[in-house]
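After this come two complexes, each holding subunit A, first together with subunit B and then together with subunit C.
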Partner chain A sequence: MTVTDAPPLEHGVSRIKINRIGLWLFFLSEAMLFAGLIAIRFSLLGTEVDEAVSQSIGLVITVILLASSYTAFRAEHAAHKGDQAAMVQYLWATLILGTIFLGGVAFEWYEAFMEFPPGTAFGTVFFTMTGIHAFHVITGLIFLTVLIRNAKAGRYADDSWPVEAGVKYWHFVDIVWVFFYPVLYLI
Partner chain B sequence: MNIVRGLIGGAVGYILGAALLMTIRVATGARAWEVESVSAGAWMFALIGWLLAVGVWRYWAREWFGLELVPYTTTGWRRYLDFDTDHKVIGIQYLVKFLTMFFMAGLFAMLMRYELMDNGEALLDSGRYNAIMSLHGTMMVFVAVAATVGAFGNFVVPIMIGADDMAFPRLNALSFWLIPPVLIALTVSFVSGGYDTGWTGYAPLSVESDVGGLFFNLAFFTLGLSSIIGALNIIVTVVTMRAKGMNWMRLPIFVWSIFVTSILSLIFTQFIALAMLMVVLDRTAGMVFFDPASGGDPLLYQHIFWFYSHPAVYIMILPAFGITLEIISHFSRKPLFGYKWAVGGLLGIMGMSMFVWAHHMFTSGMAEALRKPFLASTELISIPTGMIFLSAVGTLWLGKIRLELPMLFALAVLFNFLIGGITGVFLADVPVDIQLQDTYFVVAHLHYVVLGGGIFGLFAAIYYWFPKMTGRMMNDRLGKIHFWWMMVGFNVTFLPMFIVGLQGMNRRVADYTPDLVGTNRVISMAGFFLGTSFVVFLYNFIYSWIKGAKAPANPWGARTLEWQVPSPPPHENFEVPPIILADPYGYGEPDSDHADLGIGTLPKIQETVEA
Partner chain C sequence: MRESPGFTAIVVLSVLTVIEYFVSAEAVAGAFFWLLIISIAKAAIILVAFMHLRNIFGNEHS
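And now, the complex of A and B:
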């Protein structure tokens, strides 16, 4: 990686594996946060879902986010193959889909403020869960932006780890939504 | 200089964040300035600003944007004020920072004991008393959670496993530089009137407390962030950076304890972040997590809070267990008794610690059906704890015991924690707990565990590794004076608290009934006595660091790796990566070597010292 990161030991684990283990442990830790949120949802509301949640928006943004996971996967695939042009294209696609998802959440929020404001139990849970998830989406979008910028400068031609990390993070955020969507909209 | 830069960065971040939030507030038709809502959001920006300015930008983030990194040129003592990535520098940064916090919190304790010398109001009105009590508890919990792991987990663990640094050195520096904002937030909280909820910050009181409570939430949140990053780093380091031949059953027990502690931190700290976040959202965003009138549930806070904070008790105590076992083996000149059982005990505590949290809530009004399972699980956890004690006592048995300073503190951990642990069984028992909830019995119990166990362990570690960290010996005579002074002061302070607790003296209240005045006088006097013992320590610590006798590489004749390199260790720790040949506890086996350091044969550990 870089000079200040410890070099791999001769016998030891390669730098990229060290990075991967670190990333997965980060996901484990974050997963506890989201698991806690889901537990809070059932603790406060049982299985109640407010009828005012917009099923159509929920379904559409879920599909969009899953699609963005596919483009992110293609971007990583291209990165490993060394196809820089395709990688940048797929990163762009992911960024755009992610932004649309965020727009969908914002629209849903606008509606939700009228129907179930944060001052109701369902609103509290809904805004907190979607809000914390959206925060992670925003950080993911920032990573994607930095990746695209640096990819254009040719930084990942021989080191695709940052792309892999960014994409894995994006998958993680998507998987969280795979749990959040049924918990917030369907149950 | 660097810190000034960081403060400016933090201020700029705060202003930018506040401006952004106020714009949004105006756009949605709310009043532009509302101190809590704006501060809570702007805090995140302030943190980012602080981190960037303190070194992240110069030494790290510039490369994300295709810029050249600033070369790191700081040398000498200024490294301790800079964004240094050497794990040894970071360890010392943690140690000094948290000792400072420890002594500040200790001064608050002195104020509390002054107030409690007599019933009625002396120095502090009840509001001030509550603020000081809360801040004392909060800061001491922060010290207990992070000091040992931060200081010695960073300094010693990489050397013990034969690595040249942590797995993620820059992340390591980042996790340290998240600590100063914690102290800043607590200071802001105190200056703006403090908070009266105690360190537990129970809802709904914490939702209604003054603005000081908000900064307490932000401080705890920030400390959690730092803990998670630090824990992740230690886990990856232990998993991937062990020297050749250092398999899991050859790890020094201290490394095991820090490893297990880090797993607990990594998994559970998210819940304290969540608890703090929920309170902040209730305070600032009009949410109703803890408002039963709107469908919320105040008990939810306690569940989430203790789901972190009970494992956090083990985050406080397990490193002390590790230090104790480590020291007892080296100073009894015997292999660690039942090494595998001790490791099993650590892992057992780790596994069970997530099923005991509700024993803090027997009187909270939670479902009655939950009481018995939590009683049982809590009492069961004394089994793995007992395995650790078995290992300690078995090692002492027939050992050639050397009562050096670190050994005295290690034995004190056993003595004090035994009392703390056994009184814990009382409190786990539902009928007894219903009587003793919120009395000084609980205060005495938790101080025996956290101060008598955790902090005595911290001091054992300081006396043990001081020569390695600074290259100088501590003054032995002053150290022994400090030990006996602290040990006697501690026990005379906290044993009578069990008694006043049984007599019904309430904790977290500035006043009590007149019949308890006598015992409280004793407690206060002993408390001041305990407090002054640290003057001796502080003098010894500073004087020895500057003028103490030069320390040899291995003043204690210990076999673990950190003692086989010079004091203080060179930047890369080892000249060549060491090769581990056997476990480090081969005392009494003349032909056994722990490691081959690649510098000819390892100088045999002097087994003749005690002859």
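And now, the complex of A and C:
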């Protein structure tokens, strides 16, 4: 039995509805963590940004992460339509774009260690914020890898909820970066 | 030509990101305010177009 086919729970509430609400509550709790990090950034640094931070790298990796959200969306769309082949292709594209984003962050870290080491105020903020975000990207990449493996085995032919959940998590990580990018690179 | 789902959203997101970059690079007056507005707009686009925020309480596929 799949999540979508499961019989309604008490009061006619379906399993898929419960799953979705649970996922969004998880996002809400995570959002508080990231909002706290942004608050710490302004508390420590005001509205200043270290001039050594590479704005061009920031712009490029931001566009790459946004593009990965589009391919993730297409993967979910294909999953709901039952197009398994397209779903796997778009999941692969998302995985590759996410890995490139992570490579960009790693390169930025390499330069940042020399320009503003973790001991400085901006370095502390920069490495904490990008580090925690990168950890979420890595977990998203692991999730995508599991989805691809299972999709190839045909496990989502009748139940696309796991794909929907994984993709929504990826979008959430993207939204966090939408706020981190100006806070770390532009303001 | 039939447009693929989500294509408009990703184009608007990319354009907003480039605008964001230039607002900062050109030190536009009130840059902080404009960057905040653009970030909220981008998050809203992802929430509505990609994450189907309006379908949280629905049973159907998003």
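Here is the rule we use: the second predicted complex is superposed on the first by the 177 of 187 C-alpha atoms of A that agree within 3 Å, B and C clash if a C-alpha of one lies under 4 Å from a C-alpha of the other, contacts with A are read in each partner's own complex, and residues count from 1 in each chain.
Here is the rule we go by: a residue touches a chain if its C-beta (ideal position, glycine included) is under 8 Å from a C-beta of that chain, and two chains touch if they have at least 3 such contacts.
Computed from a predicted model, the values in this text were never measured in an experiment.
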item	value
Partners on subunit A (subunit B, subunit C) - clash or fit	fit
Which of subunit B and subunit C A:186 touches, first, second, both or neither	second
First, second, both or neither for A:17, with subunit B first and subunit C second	both
Contacts of A:77 with subunit B and subunit C, given as first, second, both or neither	second
Partner chain in contact with A:109 - subunit B first, subunit C second, else both or neither	neither
Touched partner set for A:149, first subunit B, second subunit C, both or neither	first
Partner chain(s) touched by A:62 [first = subunit B, second = subunit C, both, neither]	second
Partner chain in contact with A:160 - subunit B first, subunit C second, else both or neither	second
Contacts of A:92 with subunit B and subunit C, given as first, second, both or neither	neither
Touched partner set for A:174, first subunit B, second subunit C, both or neither	second
Closest Cα approach, subunit C to subunit B, once both complexes are overlaid on chain A (Å)	11
Those residues of subunit A which subunit B touches in one complex and subunit C touches in the other	4, 17, 21
Of subunit A, residues touching subunit C in the complex	4, 14, 16-17, 20-21, 24, 47, 55, 59, 62-63, 66-67, 69-70, 72-74, 76-77, 80, 160, 164, 168, 171-172, 174-175, 178-179, 181-182, 185-187
Parts of subunit C lying in touch with subunit A, wherever the complex brings them together	4-7, 9-10, 13-14, 17-18, 20-21, 23-25, 31-32, 35-36, 38-39, 42-43, 46-47, 49-51, 55-59, 61-62
Residues of subunit B that touch subunit A when the two form their complex	59, 63-66, 72, 85, 163-170, 228, 232-233, 235-236, 239-244, 266-271, 273-274, 277-278, 281, 285-289, 294-297, 300, 303-304, 307, 577
Complex contacts: residues of subunit A adjacent to subunit B	2, 4-6, 9-13, 17-18, 21-22, 25-26, 28-30, 32-33, 36-37, 40, 43-45, 117-124, 127-128, 132, 146, 149-150, 153, 155
